[in-house]
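Per-chain residue numbering starts at 1, and chain names A, B, C, D, E and F are given in the order in which the chains are listed.
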Amino acid sequence: MFPICFILFFLFSSTSNAAVQDFCVGDPAAPESPAGYSCKPVTKVTIDDFVFSGLGIPGNTTNIINAAVTPAFAAQFPGVNGLGISAARLDLAPGGVIPMHTHRGASELLIVTRGRITTGFISSANVVYYKTLKKGDSIVLPQGLLHFQVNAAKIHSVAFVSFSSPDPGLQILDFALFANNLPSPLVEKTTFLDDAQVKKLKGVLGGTG
Amino acid sequence: MFPICFILFFLFSSTSNAAVQDFCVGDPAAPESPAGYSCKPVTKVTIDDFVFSGLGIPGNTTNIINAAVTPAFAAQFPGVNGLGISAARLDLAPGGVIPMHTHRGASELLIVTRGRITTGFISSANVVYYKTLKKGDSIVLPQGLLHFQVNAAKIHSVAFVSFSSPDPGLQILDFALFANNLPSPLVEKTTFLDDAQVKKLKGVLGGTG
Amino acid sequence: MFPICFILFFLFSSTSNAAVQDFCVGDPAAPESPAGYSCKPVTKVTIDDFVFSGLGIPGNTTNIINAAVTPAFAAQFPGVNGLGISAARLDLAPGGVIPMHTHRGASELLIVTRGRITTGFISSANVVYYKTLKKGDSIVLPQGLLHFQVNAAKIHSVAFVSFSSPDPGLQILDFALFANNLPSPLVEKTTFLDDAQVKKLKGVLGGTG
Amino acid sequence: MFPICFILFFLFSSTSNAAVQDFCVGDPAAPESPAGYSCKPVTKVTIDDFVFSGLGIPGNTTNIINAAVTPAFAAQFPGVNGLGISAARLDLAPGGVIPMHTHRGASELLIVTRGRITTGFISSANVVYYKTLKKGDSIVLPQGLLHFQVNAAKIHSVAFVSFSSPDPGLQILDFALFANNLPSPLVEKTTFLDDAQVKKLKGVLGGTG
Amino acid sequence: MFPICFILFFLFSSTSNAAVQDFCVGDPAAPESPAGYSCKPVTKVTIDDFVFSGLGIPGNTTNIINAAVTPAFAAQFPGVNGLGISAARLDLAPGGVIPMHTHRGASELLIVTRGRITTGFISSANVVYYKTLKKGDSIVLPQGLLHFQVNAAKIHSVAFVSFSSPDPGLQILDFALFANNLPSPLVEKTTFLDDAQVKKLKGVLGGTG
Amino acid sequence: MFPICFILFFLFSSTSNAAVQDFCVGDPAAPESPAGYSCKPVTKVTIDDFVFSGLGIPGNTTNIINAAVTPAFAAQFPGVNGLGISAARLDLAPGGVIPMHTHRGASELLIVTRGRITTGFISSANVVYYKTLKKGDSIVLPQGLLHFQVNAAKIHSVAFVSFSSPDPGLQILDFALFANNLPSPLVEKTTFLDDAQVKKLKGVLGGTG
């Protein structure tokens, strides 16, 4: 049977070369394009490029928000590069909150795996859609809209979220406004917030100007 | 302050009308396009269109594969229509298996939430990538390639999976070959399987011809 | 020459039927899909479907922000439906501001046609990119990130903006937070803003809860 | 074995409902979206929706160009709707020519199956790429650029072409300029062609104005 | 407050690394992919990469067409790379014309900012859609179809145009036909133009062959 | 006329630089991105990059399947890189078969140019759609679904196929299951095939484990 097998392999061998793009494991050291990272050579790809263990580890919630986001985006999980999907883990200690934020590049699908979480989004028409989810409930949060998660349980709550892009982005409202050098007068002018409020939050979050 | 607020609302009101496409909750009764279901009118959309509780319920694994797939695709979960994402729950009783299958329209990201699962895929170059994952591990499975899940624990294992499309499709190899009226000679000719093997599996799965 | 011409037209006539999708002028009365509005029948389409005169008219800036946005999205300008582009006009009276906002579905390209405008955006890494533009200057603002425009001139300033989608969406931060029924405790919990600040702005913008 | 089979079908039955979008056979009587025709109900779809016999029939080349284009676009071949591909047959009698034209929505891949054909395209940089192809040769012609086919054999030549869209469009230069009511002064002003030339071709092709 | 701020930054720091793709400022010196130019490193990006001043400068209309196109495509304006949008400025002196042309890769949205411009396009069905626009009017011109602009005022007219791609392409009909080495017999065969006409325009535009 | 021509070329010269992306001929030696191969410099591109002669040569059918697939994907035909299309030639000697397979990344359009071919696909709903096609008939096979071709003539049959991607992928079922080191117990567990059947086919196709 040996010869037959060899003939078969020879027959399709050139096609197999085209198989590189079954996947495109990201190589952060090579040039990046608008479509994502360059591909690691297929010959160097192993199963470990497609596996990520970080979502199994609780994030450190000893912080101001009593919560943590553990991303598995293309930057952390090279296997998702080019595949249109990524994930993250949310940990919310009692009283924890993932503050108001947006993902510029993806819709989000969240499933609660422990505790209870109040979550929702605000539409371009300024309509609020939110609900308290129990373990096993899932919600979809449309791309680019403000949304939030708040622990609604007295215990540590956990959710797994996935995104419709390997690179969803994450812009946390308070960080965008108060954790950089955007001048306070400009923040106040464009948000209608009071000077005292802006300066207080800049103080907490390390902003200047 | 009342008048000012009214002026503001008037100012942007026509823009708000454009907000319909923040989302497009699927209306299965209206025409379907290559882009998905028609949108339910925004005025009838509620938070419940974006929430799905089915993934919290263990699937019934009392069957030949000792396993169950509970989909939350656009057909079951109208809120994901048009948003580039969907999900499913996998239940694997001891000895359970999700047989070899493909999703024509999406890559898959799986996270194990209970037990241990052996899972992997085969590339177009016929290279096998697989691993046994423990609770908390995740894997990404590229679009359109054969892959599988097998319970590697002695207990009931569970995984949540998400897809890079609201309509990933699901083609289970054995069902495609043995659970319809594709004539046995054609199955045998195109798969090299023996006649006895084909007829045995057609018997199990209800195929004819 | 008459017969030849007729033969030619007959030759290609079936192809001409396929020309419908040169464009898809939006018909708001028909079903909407994730790809946009249904198409108006080609036989009813005229040049006026592709022309929009609203951007030539200064917006009314007699309001709290001394500014106005005049959109030409698919909802206002049916000709852009399905064509991947839309536009708007910004009017900023002296002291005017287009408050901090995002477009969930498009990048924006702005050109100043009168006066001077300070504009910029904040990245996911919380880096601020902004500049004061004079007449003739243009800037590109990436999709889904917070950005703003402030009149930097003592005269009425004007800009034309275009978007990489017929339906870019527009979420104004203050409206999303303070002009609906999102409960104040939830606003405060997810933004770290003080209760007094939240209630003050809810009062201005008509929010409840 | 009967019960087992039934259990299996029950298990996955809701998933099967999501299978509608394996394909979206076009229904010209239902609303059209920017993504293409609405889908014919799956229950009414048969194998004949996916099969097209028109490309096997030589086009009528008894006309001014001694050539014919037989399209198999979504308008003629409903099965390709939503699938990103379509086809056409080119017949060129001796002396035949498919005049200079563009496809707004697709790249083209041509294979010569009889005779010899001179074909090529002109880039945006005004560089000409063309060659005379023999039977079995193929060429790819990038989207939206002017290209042409001329019979280079003394016999009837044939090519099959495919497109990267179910709706590639076809704009034939001479028809666009001379076979409608675009006023001659406007044609002359925008093409630099002489008045006599414009009127001569309008006469041949039935143009007015 | 210092420690808290540090904890927060640490918490989300790995996410920030994923922020590269908020934008992808083009680096012409690095490899180019079908998705556009490679990205300039984020650490080297400044606000000036997103700002372009060329559209404020009138083009030189002292030429055969009494008109000028000033592009702000990805090649001239690196900030638009990967963002789905670009722009250009049209200057038309009295008697000026932007000759019949196509953009292979984008739809166009034009707004008149000075004077009056007659503009329109021809569909695949050979229907002409055109109109004379006054200052403030806008028009959308679908991707890949022949279109033109003619100054309809006795003064210098100006328009700003935007495109649904950072790389729309620009193929000017007369340049494609008469400004290269495409042999005259081939031009004549594929356009039905007379030999004298072809040679006259080749003379004007520098074509050979 | 010389000066005029020069002025014109100068006028549009910067635009011409943007023409690189009319096409992106693949350069396998440069980095690969999720969007495909890097582009060969335009200055080195010739007409031969867009022409492929391999589809005119009958594949070698002296093998176990009495058939051959000759691909013209981006890996073999660099000109199709980035253009959304590719092709292949199928040769089926008497008794020949292209075994059950999928293309993860493309729909397929097949036209029979010699003989008769039985071909079809199986949907996610496990419905079989197949037919015997004669010379000149074409069929479209939706992306990612199992399909096959069998020679239905007593002579050598030939088909040309095109794909809606320059990189469709090709996963042949028997090769995926039996021509690698996927352990037999895992194959059996995930396909329900008997151990003897698996080992027999592994023997034929060179699989181990």
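Here is the rule we go by: a residue touches a chain if its C-beta (ideal position, glycine included) is under 8 Å from a C-beta of that chain, and two chains touch if they have at least 3 such contacts.
Small disclaimer: the values here were computed from a predicted structure and weren't measured.
Equivalent interface to C-D within the set B-F, B-C or A-B: B-C (over half of contact pairs identical by residue number). Compared with chain B, the chain whose C-alpha mean position is the greatest distance off is E. Relative to the C-alpha centre of chain D, the farthest chain centre belongs to A. Distance from the chain C centre to the chain F centre is 42 Å, each centre being the mean of its Cα atoms. Between chain A and chain F, the centres computed from C-alpha atoms are 35 Å apart. With touch defined as above, residues shared between interfaces to two or more other chains in chain E number as follows: 15, 18-19, 22, 31, 33-36, 104-105, 123-124, 126, 130, 142-143, 145, 169-170, 175, 179, 204. Pairwise chain contacts present here: A-B, A-C, A-E, A-F, B-C, B-D, B-F, C-D, C-E, D-E, D-F, E-F [touch as defined].
Contacts from chain C toward chain D in the complex involve residues 1-2, 4-9, 11-12, 14-15, 17-22, 24, 27, 30-31, 33-39, 81-82. Within the complex formed with chain C, the residues of chain A that make contact are 97, 99-100, 102-105, 118, 122-124, 126-128, 130, 142-146, 148, 150, 169-171, 173-177, 179-182, 186, 189-194, 197, 200-201, 204. Residues of chain A that touch chain E in their complex: 31-36, 59-60, 62-65, 68-69, 71, 73-76, 104-105, 167-170, 172, 175, 179, 203-206.
Against chain C, the residues of chain E that register as touching in their complex are 15-16, 18-19, 22-23, 42, 45-48, 50-53, 55-57, 72, 77, 79-80, 83-87, 106-109, 111, 113, 120, 123-126, 129-131, 133-143, 145, 160, 162-165.
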